[in-house]
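Shared between the two complexes below is chain A, which pairs with chain B and chain C, respectively.
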Partner chain A sequence: MSEILFIGLSLSSILLLIALGLSITYGAMGVINMAHGELVMIGAYTAVLAGIYLGLNLFFALPLAFLMAGVVGLLIERLVIRRLYGRIIDTLLATWGVAILLQQAIRLEFGLTFFGIHIEGLGPGLQNMAVPGFLTQPFDLWGLTIQPYRSFIIVLTLILTGVTWFLMYRTSIGMQVRAIMRNPQMAAACGIDVRRVSMLTFAYGSGLAGVAGVLLAGFKTVQPDMGASVVVDGFLVVVVGGVGSLFGTLASAGILGQINGSIAVLTNDILARAVVFGVVILLILWKPRGLFSMRSR
Partner chain B sequence: MTLNRRKFIKQSSALGAATALGPSLYATSSQAADEIEVGVLFSLTGGLSIVEKSLADATMMAIEEINAAGGVMGKMIKPIMEDGASDPKTYNEKASKLVIRDRVPTVFGSYTSASRKAVLPVFEKRRNLYFYPTYYEGFECSKNVVYTGAVPNQQLSNFIPWIIENLGKKKFFIVGSNYIYPREMAKVCKILIEQGGAEWVADEYLELGHSEWGAMVNRIKESGCDVVLSNVVGSSVVAFYREFKNQGLTHDTLPICATVTSEIEIAAMGAEFAAGSFTSFPYFQAIDTDNNNAFIERYRAFVNDASAVTHHALESSYFQVFLWKQAVEKAGEATPEAIREGVKGQTFEAPNGTVTIDPDNLHAYLTPRIAQWGADGQGTIIDEYPEPIQPLPYVAYGETGDNLFCTAAGLDTTKL
Partner chain C sequence: MTITTRGIAESLAYGGFIAAILLLPLVMDDVFWLNRIAKYLVFGMLGVAIALSWGYAGVLNLGQGLFFGLGAYMVAMSLKLQSYTSLQQGSDTPVPDFMLWNAEPGAPTDLCCINQGSFLWIPFQAQWFGIVMALIVPTLIALALAWPIFRLRVSGVYVAIITLAMVLLVRLLIIDAQPITNGFNGLTDLGWLTIGGFEFDPYLVETYYLVAVSLAIALLATRWLVSTKAGLILQSTRDDANRARYLGYNVAAYQVFFFAVSAGIAGFAGLLYVIAAEFASPSFMDLAFSISMVVWAAVGGRGSLLGACIGAILINTIEATASETEVLQEAWKAIIGLVFVLVVLFMPRGLAGVALDAVAWIAPKRKLGPAPLAQQEPAE
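Coming up: the complex of A and B.
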């Protein structure tokens, strides 16, 4: 029983990890960021490259990936999304284009393959991010088998959620973000630099995606199109949880992960996936704005 | 304007003649004086490009080597490369393009069975020839395909009895990706397991590309099996082996015995996750012969990557071009029918050893080998047949060397 709970919890933590960044870019800023998965991928590649060229392990790769994905997110915001605020369908198309661009940039090694140059760690192949040995060796604690890597993901996800909550609800910049979420014109009228705050918010959400990428790299493969499957799960969680609600994202990741985990263990993964989608449909029919929607005026 | 009957016939027949003549006027002829065009059809983009790019590279390398050595009958081979884009429908379109517009006499291509099945009608209808380099599930008998990868009897007929006898395992957990290859492989596995007096406790599948293995590995743990037989394909392999170790399972007590896990996947997952597990293939990078070592060196130079790995389908992609060359030279002309007749019985010293094309079913004689993966990401070959064995694509349905289902005359459906 405890094992089923643990698998569910671990699935939840991964969903939450991916959705956390999205709940900010989509939830708070109204941007359907189809490139979110590619920011995850960039985080993963940062970890791979840091391992090869700088000899850094997973722990040092985490802040590096946060910065890297954050900077790429910042560039996307400045170059593309800034011109498209309020045009939600257009952001979908534009960021999808960005996603394909980023994928191909990695696959073609930024175009260097055309000149016969190969950078180890890039290209169309599968890449390997080394996981420190002590994170792969399970141990027993009070009769339970603890899987260190999954536990590590769960703990780190909770910390990141806590930090995000603190930033959003206990700092002045968080207050500004929430003001912009409610009504950007009014926020601007009150003297908030909407452009700057939006840019930083987007960069922060992207950075979280980068961190997710490093952690995913530890048990998935790193490859140029690894982000595509990830982004669907992310949107699922954010929409069910209620757009713009951090607590909603947390709750929906928890619920969907547990449903997926327990059904997968009892029957099989394919059925579990179908049930999750079924539950999502019912939840959206029952609460079209998500479980914990923000009341708008 | 009036159009009388005579005028109409005259005009339309002129038009008809023009269209009939048309293609030969501007289509490039494969019989040009100094070169022979061939098609090379692999996915250079999409999810399968990871593996298929390396197959395309190996094919191009073989063509380059043949050209450097003087070509085929004094003619250079000119490859026309097309991208299957990891999509069977695109494969079909590109195959049609190569066969109908470019009029190549042969196409080298495909990794997955799905893409081979998609192009098969093109080659059968147009009486063209396809060289397919990948190990596959068997159950196919086409006069228009030359199969140079392993079929189940060259991958499993040695493997399952070996697991039962040498590892002493009795309870198999069969797991695979959800499509035709793993399902057909599982069918063969079950027959062999029952013949060997062992049993299988489960036969489970996950979607191709699935990367969340927590629940499945948990089920493996609870099932009471003592060996896992994996037909898992692609990037899922990595996630599977990692989860396996993360849940505390070890290959010492519960080994994964795989039919797909090759050097590529091992390099991607990190060798420590696979160390101790087994794979059955006719070719491993670790085969320590001068021929193979030189092959690896040339391949690494060709792709400009000093740590590139070689694997079974890659090696087949390479040597099948040489078999094709010998077939053209034997036939004396580069037409699909002549090449097919020419390739029957052709023998070549490939990096894995001697390969021969069976004159009946156009599959390759290959040497089954079993390797155990080490901490360095390379296999140690621990079991090896003394010589290549005959390919039997219908082994799951009772085919034996004395009772072939697929012969030069075609498939004998009464035996199925």
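Coming up: the complex of A and C.
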């Protein structure tokens, strides 16, 4: 039983990790960022490249990936999304194009393949990131076998959730973000620099995707299209949890992860995912605004 | 009916397009390319389906691949049973080869009981059954899906997310039901569609005409449908569902009906695609494919049936040409991505919008109706 719980918990934490950034960019800003998965991918490649060229391990790659994905996110916001606020479906389509561009940038090594230049660590092939040894040895604690890397992910995810909560609810910039969520016009009228705050918020959400990428790189092969498969899961978590509710995202990641984990143990991975999709459809039909939606407008 | 410049321009555009696709074989005698264009015409039909639900109903269906895929699988099952690979398995009745590969030792070589689900294939021995199912199954599933969605007044981006989850759900079920669907590999080595003794070899001009005429009919029928009273009410629900409700219309019924019509068109497209491409695969239900369809429609013009249709054909033709040009071989995907971004940013009404503006510019004296385009709902 505790085995199943732990599998569910570790699935939940990965879902949460990906959904955390989305709950900010989608939940708070009303932007369906299909390139979110590609920001995850950029985080993973940052870790790979940092390992190859700078000899940095996982822990130093984390802040680096946060910065890298954050900067890319900032550029996406400045160049594309800024023009599309309020046109939610158009943000989906435009960022889908951005996602293709980012994937191809990595695959073609930023176009350098045309000049016959190869950058080690990029390109269409598979890459791996080494996880420090002490995180890979399972150990026993009170009769339970603990997978240290999985536990590390769970703990770090919870810390990041806490930090995000603190930023959103206990700082002045968080208050500005929440004001913009509720009513951008009124927020602007109250003297909030909506453009600047939106840009920073988007960059922060993107940075979280980068961190998720580093952690994913620890147990998945890194490849240009690795992000495409995770972004949908992230969205479903955010929508089920309720737009704009950090707690909702946390709870929904927990619920969906546990459902996925338990059914995967009973049957197989494919059916487990199918059941999760089914549950999501029913939940959205039942409560389109999510399980824990914020009351607004 | 009043004659407007826009009406004339539209009739000319539809007439010109249909004439072009019907006359194409006269100038193009490369059967390989004709087969390709036939596939792109099928994608054009998907563009029509998307424009109907997105442009006219204001309902973005991100799971149109579900109906395309179901239509494709239904007809592919029939054609699989007609294939020589199914007829030479040492029994009197056809049995798909992949079922034999995975059969348990001692299982009888017959559709009734070679594996647990194989009996579902029995009626598909008749080709007409597969064809009819290719139209009925997508429509019925669409009705069953749309009914709760629109009765519960789910709208906007939530419809998109439900349909998206639905297509991925069915995709997984098909992959999981490996014994009867051949899982990831899909249905390949299909026979040819045979009507009245004539075999529709995909590389025959006749097959091209089958697709082209079907597209012309689907295009004109849909255009007629949206100009009926029901079509006008549908457009009013898109612009303001509450207002339509207060006027006494059963908004959900219209939305469900048109959602199902759009699904039926997609199923029909799936049927034609299998005839032209000779396979059905779970990749038809990939997220990327369903989103691509929406992007084709956006490039062509989401508010115009013909625009979305041409957008789909154009993008696919350009993709095929670019991916075969030496210099662009690697870069074409990036270029397509860039085009998507630029179109959404700078041409929100797509090619059709540009064309309409051009018409308005040529004939500035007449009063032209604005292009019917829904305002996107504000973000949450």
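Assume the second predicted complex is superposed on the first by the 297 of 297 C-alpha atoms of A that agree within 3 Å, B and C clash if a C-alpha of one lies under 4 Å from a C-alpha of the other, contacts with A are read in each partner's own complex, and residues count from 1 in each chain.
Heads up, the rule we're going with is that a residue touches a chain if its C-beta (ideal position, glycine included) is under 8 Å from a C-beta of that chain, and two chains touch if they have at least 3 such contacts.
Since this is a predicted model, take the numbers as computed values, not measurements.
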item	value
Which superposed partner A:Val280 touches (first chain B, second chain C, both, neither)	second
Which superposed partner A:Ile100 touches (first chain B, second chain C, both, neither)	second
First (chain B), second (chain C), both or neither touched by A:Ile259	neither
Which of chain B and chain C A:Leu208 touches, first, second, both or neither	neither
First, second, both or neither for A:Val80, with chain B first and chain C second	second
Partner chain(s) touched by A:Ile270 [first = chain B, second = chain C, both, neither]	both
First (chain B), second (chain C), both or neither touched by A:Thr136	first
First, second, both or neither for A:Ala251, with chain B first and chain C second	neither
Chain A residues contacted in one complex by chain B, in the other by chain C	107, 268, 270, 273
List of chain C residues in touch with chain A within their complex	60, 148-149, 152, 154, 156-158, 160-162, 164-166, 168-169, 172-173, 175-176, 287-288, 291, 294-295, 298, 330-331, 333-334, 336-341, 344-345, 348, 376-380
Chain A to chain C touching residues, read off their complex	29-32, 34, 80, 83-90, 92-94, 96-101, 103-105, 107-108, 111, 113-114, 228, 232, 235-236, 239, 243-244, 268, 270-271, 273-274, 277-278, 280-281, 284-285, 288, 296-297
For the chain A and chain B complex, residues of the former touching the latter	3-4, 7, 10-11, 14, 107, 116-118, 120, 124-128, 130-131, 133, 136, 138, 145, 147, 149-150, 218-223, 225-226, 229, 261, 264-265, 268-270, 272-273
Touching residues (chain side chain B, partner chain A) in the complex	45-47, 49-50, 53, 178, 204-207, 209-212, 214-216, 218-219, 235, 238-239, 242-243, 245-248, 264-265, 267-270, 272-273, 303-305, 307
